[in-house]
Every structure is written in C-alpha cells, then in structure tokens.
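Next, two complexes with chain A in common: one pairs it with chain B, the other with chain C.
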Partner chain A sequence: MDEEPERAKRWEGGYERTWEVLKEDEFGSLKATVEEILFQSKRKRALESHGQVRLGMMRHLYVVIDSSRTMEDMDLRPNRLKATLKLMEAFVEEYFDQNPISQVGLITTKNKRAEKLTELAGNPKKHLAALKKARDAACVGEPSLYNSLNLAMQTLKHMPGHTSREIVVIFSSLTTCDPANIYELIKTLKSLKIRVSVIGLSAEVRVCTVLTRETGGTYHVCLDESHFKELLMFHVKPPPANAQSECSLIRMGFPQHTIASMCDQDSKPSFSMSHLDSTSEVGLSLGGYFCPQCHAKHTELPVECKICGLTLVSAPHLARSFHHLFPLEAFRETPLEELPADRFCHACQGKLKDKIVFTCPFCSGVFCTECDLFIHDSLHCCPSCINSQHSN
Partner chain B sequence: MKLNIEGLLVYFPYDYIYPEQYSYMLELKRTLDAKGHGVLEMPSGTGKTISLLSLILAYQKAYPLEITKLIYCSRTVPEIEKVVEELRKLIEFHCKETGEANNFLALALSSRKNLCIHPEVSALRIGKEVDGKCHSLTASYIRAQRLSDPSLPSCRFYEGFDAIGRQVPLPPGVYNLDDLKEFGQKKGWCPYFLARQAILHANIVVYSYHYLLDPKIADLVSKELTKKAVVVFDEAHNIDNVCIDSMSVNITRRTLDRCTSNVETLQTTIQRIKETDAAKLKEEYRRLVEGLKEANVARVTDVYLGNPVLPAEVLQEAVPGSIRTAEHFVGFLKRFLEYLKSRLRVHHVVQESAPQFLKDIFQKVCIDRKPLRFCAERLRSLLRTLEISDLTDFSAITLISNFATLVSTYSQGFTIIIEPFEDRTPSIANPVLHFSCMDPSIAIKPVFERFQSVIITSGTLSPLDIYPKILDFRPVTVASFTMTLARTCLCPLIVGRGNDQVALSSKFETREDFAVIRNYGNLLLEMSGVVPDGIVAFFTSYMYMENIVASWYEQGILENIQRNKLIFIETPDAAETSMALEKYQEACENGRGAILLSVARGKVSEGIDFVHHFGRAVIMFGVPYVYTQSRILKARLEYLRDQFQIRENDFLTFDAMRHAAQCVGRVIRGKTDYGLMIFADKRYARADKRGKLPRWIQEHISDGSLNLTVDETVQMSKHFLRQMAQPFRQEDQLGLSLLTIEQLESEEMLKKISQMAHQA
Partner chain C sequence: MASLSEEVLLVLKKVRQRKQDGTLYLMAERIAWGPEGKDRFTVSHLYSDIRCQKISPDGKAKIQLQLVLHTGESSTFHFSNDSSALTDREAAKDLLQQLLPKFKKKANKELEEKNRMLQEDPVLFQLYKDLVVSQVISAEEFWANRMSTTNTENTLSDKKQDVGISAAFLADIRPQTDGCNGLRYNLTPDIIESIFRTYPAVQQKYGENVPHNLTEKEFWTRFFQSHYFHRDRISTGALDIFSECAKQDEKGLKSMVVQGVKNPLVNLLSLEDKTIEEGYGFSAAASTSNPNRTGKENSNSAIIKRFNHHSAMILAAGSRRGDAPNDQASETSSTDGNSRDSDLFQPPIKKVKLQEAIDYLDLQREDGPKTVALNLKKSDRYAHGPVPLESQKYTTSQDIINSITCIRHEMANYVPNLAQVLTSSAVSSAIAALSPGGVLMQTGTQQAINQMVPSEVQGELKHLYIAAGELLRHFWTCFPVNSPFLEEKVVKMRSNLERFQMTKLRPFQEKVQRQYLSANITGHLEEMLQTAYNKLHAWQTRRMMRKI
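Presenting the complex of A and B:
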C-alpha cells in the first residue's frame, strides 16, 4: 500500500508523534493507550460477530453521505468528500459481492436539505455512476440529519419485514440543522426497526451517540483513511437479524441465461427491461434472462422483475448469501507454546510467529492471525475442514 | 467490597475501586489516627465523597469512642442531597454485608424554607419570610400567650413535636430532606425542629457551611455538637471567602434607615411594656447585672462551640451600666446610628482601622469601647425580653449591633472602608461602609479548636500549602491525588500566540489591543468548527467579556461562529443565566452545538457541571485575576503580607489560578468523560502559574503544549477528539484505573498505590 509513506509525509505527522510520547508515561499503569484499546476492540468485534447468530440475508441499506461545508476539510486526502466517495465505490462493490440479493441506496445532505442520489437498487452500476458524478458537486451549508433520516425512512418503512432495514450515515459535520425534534424521529425509527449506524469523520457528536444507541446501530469515529476504510467495510457484513423479524416464504425466480444465436430462427431481438429507463444505449439484444413468470427480459441478475415484481436471482448468488445464515464459528485462541513442534499455519503455510494462534474447533487446524481474519471476513469456511472432507 | 485499610475493615459499596480512592482512604485514616486536621485534593469525579464516607463510617464503627460524629459540610442543597444518597447506599451495603440492623442515624439539615411542612408557611418563597412566619407561630412567649388566649394561630406540627417528638429520638436510618418531611407529616411533627434536635445525637450530619462558619447561625444550630467529631468541608477551595463573608458587614444608607425604624419600634414597645409589665424589665436588669455567667460556665466546661461574635472577655464581665436599662440602651443605639449616618456623609474614600474608628467615635459622640462590645449580646437580651415575634424585621439592627461588637473586639484582622460612591458610577452618591474581615481564620478558628479532626477537601486546592497558612491551622496530612487513567481523557493546552504570532494575553496593557481580541475570536471560531456539542468559554470579567464580544460582533467573527454553533451568554442576572443554560443544554443535546460565554467567578464557573457532551472543551480567555483596584482587596493583601508573609503577587496568582482550575475542571466529571482545557494566555506557560494548577491537570501539560499557536491547537484538538471518540468500555479501565478487590490486593498494585501517596 502506498498509503503508509504518504502518511509520514504529512505535516500533521509531527503531532501524531507527540501522542506517541504520551504512551511512555512514567507510571507503568498508564501504558494502555487508545491504540491498544483499539486493537483489543478490533479483536472483540471479530469475536462477537462470529457467535452463532443468524445474520440478515436480504438487506436494504441507505447510505447517507454528508456533503456539507465541512467535507472540504483536508484532513483526509485529498479532501473528506473525495476520500469518502472513493471508499464508497469500493464499499458498493464489496457490498454486492458479499450480499448479492440485497439493495443499496444513496442520499446526500447539504444546505439543510437531503436529496436522494440513487433509489434503493440491487445494481452496483448505477450507484457507481452516481458516486462518480457526486465528486464534482460543491460542499455547501450544513447537513440535516433529520431530513436525511426521514427521507430514508420513507422508503425503508415499506420494505418487507423479513429483510433488514439499515441506514449508515457518514457524518462529517459537528452540527445538524433540523426542522423538528430529532428525538421524535429516533423513536419512530426505533419502532420501525430501522437500524442506524454512524461513521463520524471528525469527533463524537452526542445526537449520533443517542441515535445509534437507540436504534441498535454502531457509532465509530475514524482516525485516518485506513481506519475509515475499516469502519466502512465493517458494514459490508450483515448485522445480526432481529429476533422478532418475520420469517416468510418469498417467491424467487431463477431465470436461465438464454444465449440465442443469430442463426436461430425463433429468436428475435428484444428490449431488456433494465434499458427501458436509460436512454443512453440502445438495448436491442438477443439473449438475456427471462423471467419465469412473465417472460420479461433482464440483462443482469439479481433484479426485481419490472413487470411482475418477482425477485430474480441466480443460484450462486443465493449460495453466497447463504453463509450469513450459518456463520463460521470463531476459532479458539491458544498460546503458541501449547502447540507441538509443527508450527505452521494450515492456511498460508507460513511459520507461526505471533504469541497467539487460532485453532478451528472442529478440525483443530491452526492458523495465524492474518489468516484467521481472512477466513472469517472473506472465506467464510475453514479450509482445513473442507480439505479433510475431500480426503474422506 | 471489603477493604483492609491499615487494619481497619472498610465496607465499600461498589464492586470496583479507583486506586486513588484507596490512597485517599489511607491518608484519611492516618489523619484520623493522629486526631489532626487534613488538606486533601482529589479531582472531581473520582469518588471523593464515597471514599470519605465509607472510611469515616468504618472508623466510627470500629472506634465508637474515638469519633462519635461526622459533620459533613457541603455548599448547596443538591450537593447535600447527593451526599445523603451515597450515604444511604453505603449504609444499606453495610447492613447487607454484616447482617446487622442499622443503628446509625444520618440526616441532612437545611433551612426552614426547605423543611417546613406547614401548609401556609411553606407556601412562602423567600427564606427570610418563612423564618419570620415560623417564628411568629412557634416562639416560646407566643405559645405562652396562647395559653391565655387560644384564638391565636399555632403550628400544629411544632406543637406535636414539642408534646411528644422532643422525648422520642429519631429512629436510626438515613434521612434526606424529603424523608424528614415525610416522617414529619406522618407523625405530625415539625421536621425542621426535629432535625435540629436530632443532629445532637446523630452519627452523621450533612449540612451547609454556614451552619458551622457563620457565627449567627452556628450559635443556634451547631453550638452543642460534640467535640469528638470529624468535620469535612467538601468543595472547600473557596472556604476562605466564605469565612470572610460571614464575618464582614456592609452598611448602606438603607440599612441605617431600617435601623432607625427598628429603634423606634423598640422604643414604643419598651414604653408599652413599662406601662403594663415593668417587672419584666427589672428582671432583665437583674440578669444583666449578674452578667453572662451562664454562657461563661458553658464555655469553660467546653460544652459549646465558640462564637467569634461573643468574645471571651465579654463573658467575664457584667453588661456595663450605661446600657443596662432598656431606655439607655435604645438611646445608646440611637447615638451610634447617628454617628454612622454622619460617617456615611463623606465625599471621599476613607479607610481606617478598628482602633482609629473607636477613637473617633469616642471623640465625636462619647461612646466607649466597652458598651459597644456588649452591643450584640445586649440587643439579643432586649429582643427576648420585649417578646417581639417577628425577628426578620430586626435584621438591620442586629447587623449593626454585631458590627459594634466586632469592631470593638478585634483590633486586628478587620478594616473599615467608607466609599461615597461606586467606582463605576462616580456621579451617583451611594455611600457604603464596608467593615471587612481580612482574616478568614477568625471565623473558622472555633471550628479548628473545637473539633478533633477537620478535613478540607476539593478537586482544586493547589497549591496546598497556602490553605493552612491563610486559615491559620496546622494540618497533619497534606496530600494531592491524581486521576489514574486508562486513557488520557483530559488535554490541557496553553495557547500563547495567534496565527500571526501576536502574543495572546488578557493583561491590562494589551487588553484593548485589536490584534489580541481578533486572535481570541479566531481561536473560538476555529475551535467551534472542531469541537462537537458544547464549548464553554470563560472570560475574566463581565466588562471584559462585553468589550470582546462587541468587538467580535463588529469584526463579523460572531456571525461566523454562529454558522457552527449557537452562542449563549451568562449575565449577572440569575434568571437570564439559567434560561441561557437551559437552552445551551438543549442545543448540545440535539446536535446543533452551542457555546456558552461566561465569566470566571460567576455562577456558571462555580456551581454548574458540564458533563460529557455539555462540555467537550473549555476555553479560558486570560488569567482571571481578581479586580485589583478594589480597596477591600488591597487591604486584605496588605494584611496577608504583614501577618502571614504571603506576598501580594503570590496570593493574587494563587487566587487567579484556583479560579482558572475551577473553570477548566468543570468539563471533566469522571473517568469516562473527556474534554479539552484550553488556556488562552501566554502567561499560563510560566512556571509560577503552571505550578499552581492542581497536580492532576499539571501532569498532562507536556512541554510541547506550552506555547501553541491557534492552528497548532486546532490540530491537536482534532487529534485528541478523534482518539477520545473511539469506543471505551469498562473493561478497558479494569486493572489500570479501576480495580477489583483481587487486583487491589496484589502486591504490585499496593506498592504503586503507596507510591502515589508518597508523591503527594
């Protein structure tokens, strides 16, 4: 990563060093500084999320991006807005990678107003385009937390009960300009079971603390770009499903991709549903996904059928989302000394150096810290378990 | 948990303890063992009160003969209530652990205004009115009259108390003001008199400073408290001023006018009584001839707490003949009043000492020193004889007679200043006679002499050695404790320069300097963009604040600030200020953010806590020196120099720094709280100023943060606030700044704690 040297060059670097001096206090007891606490909490977070909890599989998430005057602050490079949008692009891609049958929408707030950038949709392309476009927008005025939450709520409250309703606010300003009492809105959000999480870019603001505490979300303030990214990526993983959330059977269509060749007499070029509202390209094509119910044609999956409203997915999508239902159990922490002579990580085959290693409770495979994180964050299955299954 | 403090078993009602609490208890125990006085400084929010209570309670249980009573003095009613709640928790825990029934009696005492349950009397709002009304219903002679004339109104609660309540002791338990009222309602007894009676045998009494320090009240309430008591003055950083105020007298023309009418009332009453009941006056005369033997005997046998208004010599002698008869005394008072009136007719400032005053009064109206001395006592006797029910009307004449006694008793420690007008309004004649006490030790001396241990404690008592000096006592322990922190949750920064390198300072020469004001504005503006929720800014005086804010307004700085946060201003008007405070808190609560501009030494700087989001940063604009041109202050400084060898400058700096510390201390109210403390004056960087800050603030000022520019401050604040916004839970504190009993008892921790005490 080229971020590291860049960080050292920054002129604020000097201040960060003064902080490090504070660590070496003459009282041994004062040693645990914020960074240590941070590391601890990171580990905790990993542990907590790996409990046997059912995670929401279908998510509806609105991301509110503060575009107020304070987003021009240069403490994130090149400024807060650009850094946020760049990370958001990565987030959107990652989000759909991990939650293929979920939807996302974008809202920006500035000048005391809130404005929908994109509607809730399951297609990353539109969001990415909107994010690109937002780069040139000016940052003016104050944000309005109330308006943006209200806007998101208007859509989210109509979402079916078996899906999760979430809002993530990226909040840079320290003030909010609200037309009404925000505590009333928080109550409403709570009753609608909408979970609001906030990522602060500058400091802890009281109203956000209350908001997240009441609605069951998380509240974090970023330290720098890499921490920001970490915090944002934390929201890729679905939150634990609400215990009272409804269970319902949903109809889903699994359309097959039909590839028609020109020589086939029966095939006629037709418009795809997703091209109906985009004027830019001419959408006549031969092949596509045909809705098993109404035979409307779609070019991409997953999508909700424009005609009959059936959810159209492909089997692999469902499988990818499936692991949220059965999360991988957390590995046991064991000190290195307890291990026999063979001290290699079963995943990366590297020599185990850390004092603490992780053991899979089923196959007793031993992993290093990095691999543990990778397995739990991205892989969602224990490689050594699968290996032994195969050999059997 | 159960703690072992050098062999003493202490029940501590929480599962966790801060290391400094343990250390505090150690020091406290040593003080009690030595039967001496102590000065202890520990930051607010570290559980001072509970440490004090649990140790002293344990001590009382273990050595019931050594200490029979704890007298806990606090400043305000809410603080008193808080202490009682802690106490309740402690005693409940104690009973649960030991399995014994509670045999402790602990109660709070406050004025009639807070305790009265009589439906009509308690409806009155003003304390004095309640007192007067109560007195008119319950005074002994009124009740005597009622025997002959049952139509007179009475207070059934007092009657109930007098009939039964006097003999029945209050059952053991913890009583706050509401509990007392409820108990009174149930039994039909007056809670106020019940409480006053109960404090004599209570194990723990919680009340206000004034019940011990103000001679007028102390004489009524606290006179008979046992000698084997521990007295605790909490939040005692201003105790010297309380002492001085309780002994000082200000006389204006209005006071004298009211005195004149008082004297007339006296005269007519005397006349009337003479016609109807001359024997009563004779009886009084006889008593006065015999002198104040009764009081003298009491003092010799050490039954009572001394009263500085009743000097020892007076007790030896009989009331002088010239004021023994009622008419003579009234005539004497008249003469004295006329003299005071003539003194108030001055056109220039007069300052003189007590002996000078006495000499002058002798020359002009032939009043001797001796009768003056007896004035207070004589008036009290007269009022008693005349059976005047409403004592509130006589506050003016009581004041004057107290003044007469004080001025003739103390040749040192007081000064008389007569100012024909206020400094600010030289054209309006408003003559005031200040009889100003300069020696706080006079008022507190009886307390130190009478009680076995007196503990003076607060969050800000630095520098510690000055309190024993100005209060004139010899403590056995002087200690300061710091906060052990799992994260550095306070960030003191000293801003010495603006971005343009102009030195920031509120000193007199640069006070009007445009550049300084602009830079101050810039600082506030920048901070308002970085600090979330609430910022509290303190100025050195109302005048200075007005000037600066007006100037900011002209420069458009205010407008810019208001884009970030709302601005509220403290004014001398209490109602306005509490309104501003309320709105300020609302703005902090709902995310709009707010700035409160207030004044060091004002109401906000002393009594209001800005927990968590209500104060994320406090900015101290300038060093809050007291107004040095005041004559009273000058006289006091001179006195301090002559009597205690404290240099003027040292005292002024001490006084300024303790107020600065009070102001900035408002933001940190516990270990989970965090806040920035910004000292915006170059002078704070100097060792003499910095060294006078409390140790728990001082140790966080690094050399790197001594002379920052506004920009650097903003950067450091940003960083600090981000760090502090990271999630922080109790587990992170455990073992470092929060201990379980096992952790506490580990060798290593005990060693560390003992070191902590040594550093003090």
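Presenting the complex of A and C:
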C-alpha cells in the first residue's frame, strides 16, 4: 500500500492505533471484540479455581517491580514501566476490594539494588500515590532478584503464621545480578512458607521457574497487554492455603458508626487518630468509629487501631470475602441451536445472538456471553437463582 | 603504671608538651603522655573523646601535633627529636588516623541519629517537647520506645545492600573518544568496586601504590593501558605493574584445575577438538596438541584461559558463602554448568541425576495445586447472621390467608382522604424540623464545630492527642501481660498517664473553660484515659483473684 512507507513503523510509535485492528463484518457487528471476550473467558476457565478449599484470606503481599534497563522497551505501550505502573494502580484497587483485610507493599529493583517504595499497609492511598510518583523514575542497570526477595523477606518473616505471605515479581529482564547464591535464598523462602509468583515480560528464565516451583507459586509470561492484565488480576484472588498454615482465632473489633449531633448533652467532638499526622484542615468531628477496646476514634474502616493495635473491620468487609469460599459454578455452554427459538437472556433481556449461550445448572436460566462474564466476575451469584428463592 | 595492662601500640620519645620533655604513648583505646623521668601520665585522652587532630604545616620549624577534643579543649605535642621528629609525627598521625574513626562512631552516632530524627519530623519534635520537657516521661524512656520502632526500619534501609557484580561491568565503561586520538573512561564507584572484587590482585596494587607513588588517575590510566586489561595478555616484561597480577591469576587457575570437578557425568580430560574438516565430525585418532603453536592460537588459548578462570571464580563464589552445611550438600554442591536442581533439592544419587537428564518437566502431566478441602458445617450460617432463639408465635396458615384477603380487600376499597391526614400545625413543625438547621438535621454540623472552637485551641488539642496517643500506645502494647518486665511497665505507664493528665490535660481544660467554650472538647481524651485505667484495674483484680 502507498501509505506504508510514510507511517512510522509500529513499534516505534508511542501508542498503538487499536482501531485499525477491529474489523466489521457484513452485519456491522464487531467480530473482534466478541472473539476477544470469548478467548478471554476460555483462558480464564483454564486457570479456574477449585471447589471449596481453604483459602489464605488475610494476605501480606509484596509486589516487586523490575525497573531495570529492559523496562524501557516499547513493546508494551508507552513503555513497559509505564504500562506496568498503570496496571498496578488498577491491581491495588481491585486487591483491596476483594481482600479488605489484607495488606500490600511495593518494592522496585534497579541498578543491582532493591528499594522499598511503600511499606506493607492496608490503605490504598499511599500505594497509589507512590505508583504515580514512580512514573518519572529512570530505568537503569540490572535488576537484582536476590536483593529484592531478601528485602521482602525481612518484613514477611515477622508476620503471624495464620496469614498468607506472598511475593509477586514482575520481571522483565533476562538476567539478575546477585551478591550471593540465590538457591540458598530459595531454600530459606521455602522454609518460611513464603509463596513467590513471577510474571515475566520477556521470556521464561530458569531461575524464576525453580523459584516458583519450589515455593509453590505460579510463573507465567505475558503475551500482550490484555494478557498481562489478566495474569496480574489472577493474583487478586486469595490463593489456596497450604496444609501447614496454622489455624488460630483472630481478634477483631467491630465498631459501630456513631453520628451525634450538637444538641446531645454528651456529644464530644474529637480528633480521629488517622488525621493527626496530616496537615490538612480536617478538624474536630462528632461522629466516627470508636475502637471497642481503647475508645480511639477512626474515620474509615478497615484499619488497624493506632493505639491498641486491634484490627477494626465492619461485617460487610468480611462478608465480601465470602464469595471466594463459595464460588459460583461455571455455567454450561450450549450452542444456540439446541434452544427453542427466540429465547431472551435472563439477565439483560436482550435477544440471544451469540453462537454459544450459558445455562445455570441449578435454575436453567439462559445467559448471553457478556452477562455470563459479568455474573462470574462481579456479581458472584446467579440472578435467577436468587429471585426464584425469594418467591418461594 | 596503667600502660602495663593496656596494649601499647606506639611509643615516641622526646615529645614535648607544655614546654616539658616527655614520652608519647599510643595505646589501644587512648593516647597518653608522661613527662620524662616520671612514672605516671599527666595527659591522657580516650580516642572517643578526640574530635580531630591537626598538624603544623610542613614549612614550619616546629613539628607539632594537636588533638582537639569534643569539649573544645586541645592538647599540643611538640616533636623535638632532632633526627626523627618528622617521621615520629607522621607515624603518630597515621596511627591516629586509623584508630580515631573506629571510636568516633560509637559515641556520636546515637546522638546524631537522635538529633536528625528530631529535626526531620516536627511532629516528633513536638511530642518530645510535650512529653520529655514537661517531665511526663524521662528522656531515656522516650528514646527507648522510639528507637525500638524506628531503628529497625532505619538500619534495614541504610545498611548498604550487598551488591552483585554485573556480568557486563567492564563493557559498560564504554570509552568515548575525546576528539584527539585519546579515550575517555568513565569510572563510577560501582565499577571500581566491581573491578576490585573481580581482580583482588588489582586491589592489592591499588593499596600499595595509591597515594604514595601514583595518583588515582594515573593508576587507572596505567590499568587500562596495560595488557592485563586487554584481551591478548602477552607478558611485556616487568615494567608493567600489572604483570604480577597476570602471574597470580595463572597460579590460581592451575590450582583450580588440580582440584577437578566432582560431577560423575562429566569427564573434562577427554574434551578435545578432533575435527577433520568442517561438517565431517570427529576422527578417532587423537591429535596431540602441537607445541609450536602460531601466535594467533596462543592468543586464542589465552582468552579461553581467562574465560575459564573467570567462570571458575564465579562458581567458587557461589558456593563459598554457604559453606557445605551438611555432607549431602557438599557431595553434590558443585554448582558447575552441568548441575541440575537435583544438586540442591533432592537426594544426591547418581540415578536421580540420570533420571533428570532424561525427563523434561514440561512434557509431564501437570498436577493441580495441592489444596486443603474446606470443612464447613452449617454453611448457610454464612448467608445470614446468627438468629437468636425466640419463642415463636405460631399462626395457622388459614389465619395468614384470611389476613391476606382482608388486606387485599381494604387496599381495593381504599379512598384517599388527604384533608384528614395531618393537622396543619403538625405539618409545619415537621417541615421546620426537616429543613437545614432544624432539630432532625443536625448531622451536618461539621463546620459548625470547627468554627466554634478557635484554631489555636484546636492545634493545642491536636498536640495533646498526639502525646496521649503515644503514651496510650505504649500502655496497650503491654497487654497481654506475660512477663514481670511488662507488669512493671504497665504500672509505670499508668503513672505516666496520670501525670500527663495532671500536668497537661487539666490545665488545658481549665483554660478552655475560662474561655466559655460550651463544647466539651477534652471529653473524648478523658474517656480514652479512663478506658485504659479500667483495663488496668480489671487486670489487677483478676490477678488478685487468681492469687487468692
């Protein structure tokens, strides 16, 4: 074509023109999007979960982000580092959504050293701020797998036994520059029951294979940006607990939200403990969550009480994790021809046009592809099953 | 004399101090001077007290050494030995230069650390002022509590991380031509450290020659020019200071070759090039190495020798740290190129090694991850909370059907009568209550409070909260009380809290009351303190009951 020589080569451009990939067929429907969705859901089923198993729901997760020279490669747009940081922001939000009682910390590695970006914390704001600031950092040198794992291990080894200790490494370089034998470190990680998973951006590296195999994690190499996002989101779900983790009773406080008004005789304005450090103008307030043990005030949950160290949560936070324990079964795929003509999707009431429709095994409700994805990703319950129970 | 029990490092005679002749003694932990003929020392300073040393400039007739202490005092020593004054003073100066840094760190580091922390964090500074300056808790307690939490974090991050040597560190130096037939090498401290660690002989040479004979720049220039650095290491004779390094490396390589390799599957001695021609495979007749090699072959073999030596050193470094903890590991700990994971993670049997050489993990069937099944009884309890058992009033189904029909009937015959719903006065009072500012809409008075209480008062209250929070945090960490140390600490914290209440909270409260503020702004703080007291009281009574 004549336009080819004038256009810059695709990998040189900063951004990809995604609209050039889509094609419309004769009826005007975008085949590519549908194929994409189907392919995604198929891949998801391949990494699908297990029945009712014990999960490690209180998680302490460190994410190690490679910031070495290879992260300036532009095969992910605009370059690998910026794409990774953007996906990490989405990951952090999704992680705290699905695991309200867990914590996350960030580590970067470059120039043969590792640096802690943020400490383990349960508040997403600090992590998001740090990720935004890290966009301007330069990528230089070689990463050090040993140093970053060591740094994460220093903190994780002090965590209590009933929580799950995890490290996810986003590794793009093909080499690592370590001061000592990394196999020794792998042995130590295994003995401390720390699970390390790796997401590779370039190719499979032998050291990472051994690392993940020995510690019980997963190792995948991403194909493109959407696959990268999927792999990252795979780590949002709590992993199955291994047999050796202890079971213990965990002490938690469930404070009630009090709202008082000025007319009450004994209304006491007070400062919230979380706002003492900030220099913002948030001042005295009347309501809030009072810790049941030490009576300190906090403005949002879940949080660890700064005074007495009690974990404060509200019941909906714990209930939000229940859908991991009772996962929704995958729906049966049936071709459209087997159904009587002119069926409508139970969820969106739209006419069924796809070749494959999904049927719930309990209530035999029929759903289209998009509704099926939505039900399994976000709703975690079949809408027709719930409605039919109520009417009984 | 005191010097008998200490190790004396250096003795210098004919050193004058304050116009008196005497002898200077440098010992392991202090420097001392005694006048001639007398047994005791008149001047003695610990190295940790000395801040710095000064020497008189070279041109001066008097050769002197001055020691400045932390307190500001100084002692001057005049070296008056006619023949060796200068060398004496140099010897003393060098020894002091080595010893002083060791002692300096111990004393000052903590103080500097504390000052730095106070300066960096204004909140901490305020806390310090509130608690220590007003004598609620003592300074040692304050720092003891702080250091345990922050010091661990600091030492972890400040501690210099052990850094590996990048494989390409020499190539990364990237010489640039500077226009007139010369090359510019950029050396960073990282690269220099890598060179020293890879070639310890070079580090030795550096220590010997710099700064006595050569400057740093000259040293590195010589290094890069020498053939040691470049590929073809043909020995050029003894002019080059690095030719010794080459010889040392040869010796090291020979000793490693003698050690041999412990892998049963590798026979290094039978490796040779036995080609006939390109693509024609090997010939059975072993061609013995030709003693008269051409120059090119010589340089090739030199490069190969360097590669082998370098690789052998790397592998040796890998196994050096974890020094064979048990026999199993040592038998198979050869981390040579042919080792598999079986060396470190499975029993060291030759059979296993052969097995691994045959199997490919990728081709085997993948087992799912091992999971622990969840054993839930009464799983429907997760769907709704616990329901208290109450006596149920049973209604028959006929009753229910009757009531439903009744309601349905009434709903069908319902005629709205809007005029009789409420009286107008009730309506207007309801509207007044529900508009902003009314009785039922008081929850949005966030701003009102902040405006009612002036900002200085708020600021002071904030400081009080921070101080109280710190004390309460230490109080609550004592529970559960497991050891006698914690018992004492708990009681001490209670007294600290009471003192805080007396000295800080009450005056603040009175000040606020004098300003006629109606809001009870210290009520929450008092509640927190009271909760803490109650907890301690409950614990004490429980302990009393257990003893009885």
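A few comments on the model shown:
As a convention for this text, the second predicted complex is superposed on the first by the 269 of 392 C-alpha atoms of A that agree within 3 Å, B and C clash if a C-alpha of one lies under 4 Å from a C-alpha of the other, contacts with A are read in each partner's own complex, and residues count from 1 in each chain.
Following the convention adopted for this analysis, a residue touches a chain if its C-beta (ideal position, glycine included) is under 8 Å from a C-beta of that chain, and two chains touch if they have at least 3 such contacts.
Just so you know, these numbers come straight off a predicted model, no measurement behind them.
Touch counts on chain A: comparing chain C and chain B, the chain ahead is C. When both complexes are overlaid on chain A, the residue A:Lys229 reaches neither chain B nor chain C. When the two structures are aligned on the shared chain, A:Lys237 is found in touch with neither chain B nor chain C. Looking at the shared chain after the overlay, A:Lys82 reaches neither chain B nor chain C.
With both structures placed on the common chain, the touch criterion links A:Arg113 to chain C but leaves chain B unconnected. In the superposed pair of complexes, A:His220 makes contact with chain B only, with no contact to chain C. Looking at the shared chain after the overlay, A:Ser285 reaches chain C, while chain B stays out of its contact range.
In the superposition on chain A, contact is made by A:Ser144 with chain C only, not with chain B.
Once chain A of one complex is fitted onto chain A of the other, the partner contacts of A:Gly200 are limited to chain B, with no touch recorded for chain C. By the document's definition of touching, neither partner reaches A:His380: not chain B, not chain C. On chain A, the surface touched by chain B in one complex and the surface touched by chain C in the other have residues 142, 175, 177-178, 181, 183 in common.
Chain contact summary for the complex, chain C toward chain A: residues 123, 156-157, 161-167, 190, 318-319, 321-322, 335, 341, 344-345, 368-374, 376, 379, 382, 385, 439, 442-443, 445-446, 448-450, 453, 458, 461-462, 465-466, 469, 472-473, 476-477, 519-521, 523-525, 527-528, 531-532. Note for the complex: chain A touches chain C at residues 50-55, 111-114, 116, 141-142, 144, 146-147, 151, 154, 175, 177-181, 183-184, 187, 210, 214, 216, 240-243, 259, 261-263, 266-271, 273, 276-277, 283-287, 293-297, 306-309, 315, 322, 325-326. Residues 19, 484-488, 529-533, 563-565, 588-593, 612-613, 616, 702, 704-705, 712, 715-716, 718-719, 721-728, 732, 736-737, 752 of chain B are the ones that touch chain A when the two sit in their complex. Within the complex formed with chain B, the chain A residues making contact are 12, 15-16, 18-19, 21-22, 27-30, 32-34, 37-38, 40-41, 70, 75, 142, 145, 174-178, 181-183, 200, 202-209, 220-223.
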